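One chain, subunit A, appears in both complexes that follow, with subunit B as partner in the first and subunit C in the second.
Now for the complex of A and B:
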């Protein structure tokens, strides 16, 4: 199958999966015990006011009509209007999503840098104390809840040393880098252990291969050997892990954004759930699902480019 | 080149990221010049309409700073004129209220504030879903001239003056200054001490001093509100010096902050946390069971454990702060023997059980629920704790499917306003048989302009609610604000809002 046909087929699956997600979301959110009108207006509202709000929101129409109208809107790029912010969901996502993406990408870059460094060091020193330490210490990160890790980092770098901001998102590239560093590091501490262990194993396998022996026989050594021969081959099996990590990072921002006061989709979805903002919850979930699906597709295609032995089916 | 070079390169890139992140040591959110206060709030701002903001204290705080009402409650809990020039003149039949406006008031866009704006605002307030009931007594509003308003009420209403102090009655420009309602509320204007300068959805909101304010001008040049949902993170920002003031610091950190001279904490009891008992659901439809519950509760222990001493016990439906010397007649002390006697008279002499629903994410409810459970076990009432999400908790309240629940309600001012809420919500979401009787007493209080006589009616209503024990007062938690020591003059007003207009920053 040509790469283009493969991408087309996968994109079709993405659309079908998103349709499934939208249907599941719709059914779940509409099976909640109270109507949006009741929850939005609180106890002080009269039944008439509740009915009026539900009518305005179209909640009193048959569910099939509601869903088909929602789906039509989706195809036109209309994710609805947030009950909480009284603005189109797409506008809200336009503000929050870049923050979350910046954080996820920053964390992923840090994660890769940390994992490549530690995995290389560990593999090159197999079974030496440094190898044991590298394999053991990052596991502590997995065991620590992100809100705790984040708080500890804040206490050290923001309150103690005062070298980094204690939260929020500052403007500009440097401002972004500064204010997202601790949240990204929090995510990295949690996620890097998995990537480090996987990459170390992969490097060890590559080190046993004939072409490395051959490269060494030709006199290729050190940095050149690692960069040109070991890493390109060792990193391919870990690519599939990156998509899982990315999904984990997107999920992890729920807590990290709350601890660091970042205005991303993590903070937004918490607020949206609290006030029963169905359009906002649906919009965030759909966009997040689409992001993760597209990331998977991208990495699969990248996998086939980096390793010609892989066939796309 | 050795393989370790790769590690060195990776470490160097990481170091570059770290150092670029760490360049320019944290300078906080404060601007370089002027008196700029940075405040960390638990929520961002969603609805800045006077009525809609009722649901979130962060929103209503902004409304009170941007738009004044006709009257205000001063530091001593007395009403004084704000946009009004003097106290109202009430006709002999007590149905017409003539209010003169100050001649020098302009909106922050320099447009003069006139009686047409007042009429528009109060007519609009009447339509409010949340607090429109406060203004329902108003039948019509006449504007004989540009600085006189005559309010005609359907019936006598002694609490209307208090309603006119409230932010749902904030005065806005007529027809929203020519904008659509939703557009206007994105960045509302009024005649308050501050103006909204910038609003970044989801992040922060900046207020600047209103230079044309008719009253005493604010000392601060600007206030930046940032949303930090995590309470510990808010305090960390205070400790790092990035913010000057923190709303709702966690109770666990209050004593630490108080003992550190770099910080200060201001507090004031607000509202009443109540145990609502659904009188439509057995066994709570039995008056003796409810009374037994009220008598068995050890409110002092609850205050100590759940509030860590940061509040006071409450024995009435409305906070004692607003009741002016009310002496509770029932349920204020733990009477286990009497509680057992009450239970023996009920249909469940050998004990019973009920389910208590609460928001498990709330800072006070889970611990309070545990203490209630342990207190009631002493008289043979078993409480099934049902901690749930905020969303499902609200659903249980609106469906009235709960047996027992908690509620924290705070409406400052005349207790009549709160009693109106008790009636409107059919007694804490329950179907209390007491409501028709209290409605009669409430109507009587509305016609009683003599304050002492009116408060006597309120005392009676409080006693009746306590005796009926459908909404059992537990405690008044303190509203808390923590600040750095350079914040001068911060205090919590009787309206439960912080006095931002009086706050100054030490150099």
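Now for the complex of A and C:
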């Protein structure tokens, strides 16, 4: 199948999955014990006020009608109006999403850098102390909740050494890079462990191949051997792992934002949850799902470009 | 069968430490295995004793406030100091083990049972049943578990029971995929065909012949899943969403300690260390199970 047809097919799959997610969210959030009117007005509201608000929101219409108008809205980019901000959810997301995306990409890049260095170091020193030490990292890393790791990093770098800001987002590229460094590092400590492990295994397999033997026979050694001959071949199989990691990364990023007081969609969804802002919660959930689906597609296509042996189905 | 022999382009279950395909240890000397398991089980035993015997082991009542003794530094009277309300931190951590450990184990085991059941049925039955379930699993996997948890907690309301149910709903998918994949491989093998030819019914084949062959894989994942559940529970507690105060819970303790980072950093650090060590114990157990399977 040509690549373009494959991408078309996958985009259709993305749309269908998102439709499923939207249906699931709609059904779940409509099974709430209280109506939006009751949730928005609180306990002091008279029944008339509740009825009036529910009518304005269209909540008194039949479910099928409500869902079809919600779905029509989705196709036009309308995610509803936030109860909390009294503004369209899409506008709120437009402000908050870039922060989350910056952090996610930063964390992913840092993740890959750390994993590549550690895995190479471990694989080239197989069964030596440094290899054992690197392989022990995931055992400790798995139990590190991102909010705790973040707190510890804050204590060390912001409170103790005072070299990095203690939270919030600074302007400009340098400000962004500085203030997002600790949040990204928090993610990396947890996520890079899985990547390192898989990459190390992959490097060990490459090391046994004939082309490495012949490169060595020709006198290629050290840094050049690693960068030109080993890594390009070892990284490709781990790319398929990245798409799985990305979903976890997004989930972790959402929690990390709250620790560092970053104005992304993670902090927003927590606030929305606390005030029962249903359109905002479901909008954020839908957008993150779309993000993960598109990232998976992108990585799969990249995988097939880098490794022509992979057939796209 | 086409899903089993795919070209690595299909989404795979998210594994944590225990990735069955790549054994970190085929090159490690076999003696390390038992050491890992011993240390892992030892750590778990300490936590379980701590949780079960909390009233005996804890030096103070975890909820008793002694305002004059607020923010006492670690010392002989309070080994880990006291919090801003004068409550003993060590006692709160010990009682927290009850809350966090029980909820996490309940959630992981519940997810394991549900996921195993669905995975067995989907993989063995095949057909439209499998297609529908696989699509549902695909869908669940693209929603970040954190936002899905929030949606479910909105619907279910606050409380520990809701939390456990929400965690089961978000965690079963990994088991479902794991089991379905293994069952697809097993289904074509001779001993399963022989069992079916011998006239055994589907339930019997599944329980007596398929399940034992996937059990170790499930247990391996279960151990690391308990860690994921603890992290999730603590994260929600940290955000003030999960188990409500004044109940001693590790996540909310870390959160409450954050106001005193510059003066009393151990208020946040200590509960976290307990989470990390527990994670280490479970990871060691999970890892050594994994190695045994590879070694067999």
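Here, the second predicted complex is superposed on the first by the 312 of 313 C-alpha atoms of A that agree within 3 Å, B and C clash if a C-alpha of one lies under 4 Å from a C-alpha of the other, contacts with A are read in each partner's own complex, and residues count from 1 in each chain.
Keep this in mind: a residue touches a chain if its C-beta (ideal position, glycine included) is under 8 Å from a C-beta of that chain, and two chains touch if they have at least 3 such contacts.
Small disclaimer: the values here were computed from a predicted structure and weren't measured.
Overlap between subunit B and subunit C is detected when the two structures are superposed via subunit A. Legend: residue contacts after superposition of the two complexes on their common chain; A:8 is shown touching neither subunit B nor subunit C.
Of the two partner chains placed around the shared chain by superposition, subunit B and subunit C are both touched by A:276.
In the superposition on chain A, A:96 makes contact with subunit B only, while subunit C stays out of contact range.
When both complexes are overlaid on chain A, the residue A:237 reaches subunit C alone and has no touch with subunit B. By the touch criterion defined above, A:154 lies against subunit B and subunit C together after alignment on the C-alpha atoms of chain A. In the superposition on chain A, A:120 makes contact with subunit B only, while subunit C stays out of contact range.
Applying the stated contact rule after C-alpha superposition, one finds that A:223 touches subunit B and leaves subunit C untouched. When the two complexes are overlaid on their common chain A, residue A:25 makes contact with subunit C while staying clear of subunit B. By the touch criterion defined above, A:139 reaches subunit C but does not reach subunit B. Listed for subunit B are the stretches 386-394, 404-412, 422-430 or 476-484, of which 386-394 clashes with subunit C, judged after superposition on chain A. The intersection of subunit A residues touching subunit B with those touching subunit C, taken from the two complexes, comprises 32-33, 147, 151, 154-155, 159, 258-259, 270, 273-274, 276. Subunit A makes touch with subunit B in their complex at residues 32-34, 38-39, 41-45, 49, 53, 84-87, 92, 95-96, 109-110, 113-114, 116-117, 120-121, 124, 147, 150-151, 154-155, 158-159, 162-169, 174, 177-178, 180-181, 221-227, 231, 258-261, 263, 267-268, 270-271, 273-274, 276.
Against subunit C, in their complex, subunit A makes its touches with residues 17, 20-21, 24-25, 28-29, 31-33, 126-127, 135, 138-140, 142-148, 151-152, 154-155, 159, 193-194, 197-198, 200-201, 237, 240-241, 243-245, 247-248, 250-251, 254-255, 258-259, 266, 269-270, 273-274, 276, 278, 281-282, 284-285, 288-289, 292-293, 296, 300, 303-304, 310-313. Against subunit A, in their complex, subunit C makes its touches with residues 6-9, 11-17, 19, 22, 24, 27-28, 135-136, 138-139, 141-148, 150-155, 157, 224, 227, 230-231, 234-235, 238-241, 251, 254-255, 258, 261-262, 265, 268-269, 271-272, 275-280, 282-284, 287. Interface of subunit B with subunit A (complex): residues 1-7, 9-11, 13-14, 17-18, 20-26, 28-29, 40, 43-44, 46-47, 55, 129-131, 133, 182, 185, 200-204, 226-230, 232-233, 236-237, 239-242, 389-392, 394-399, 401, 421, 424-425, 429.
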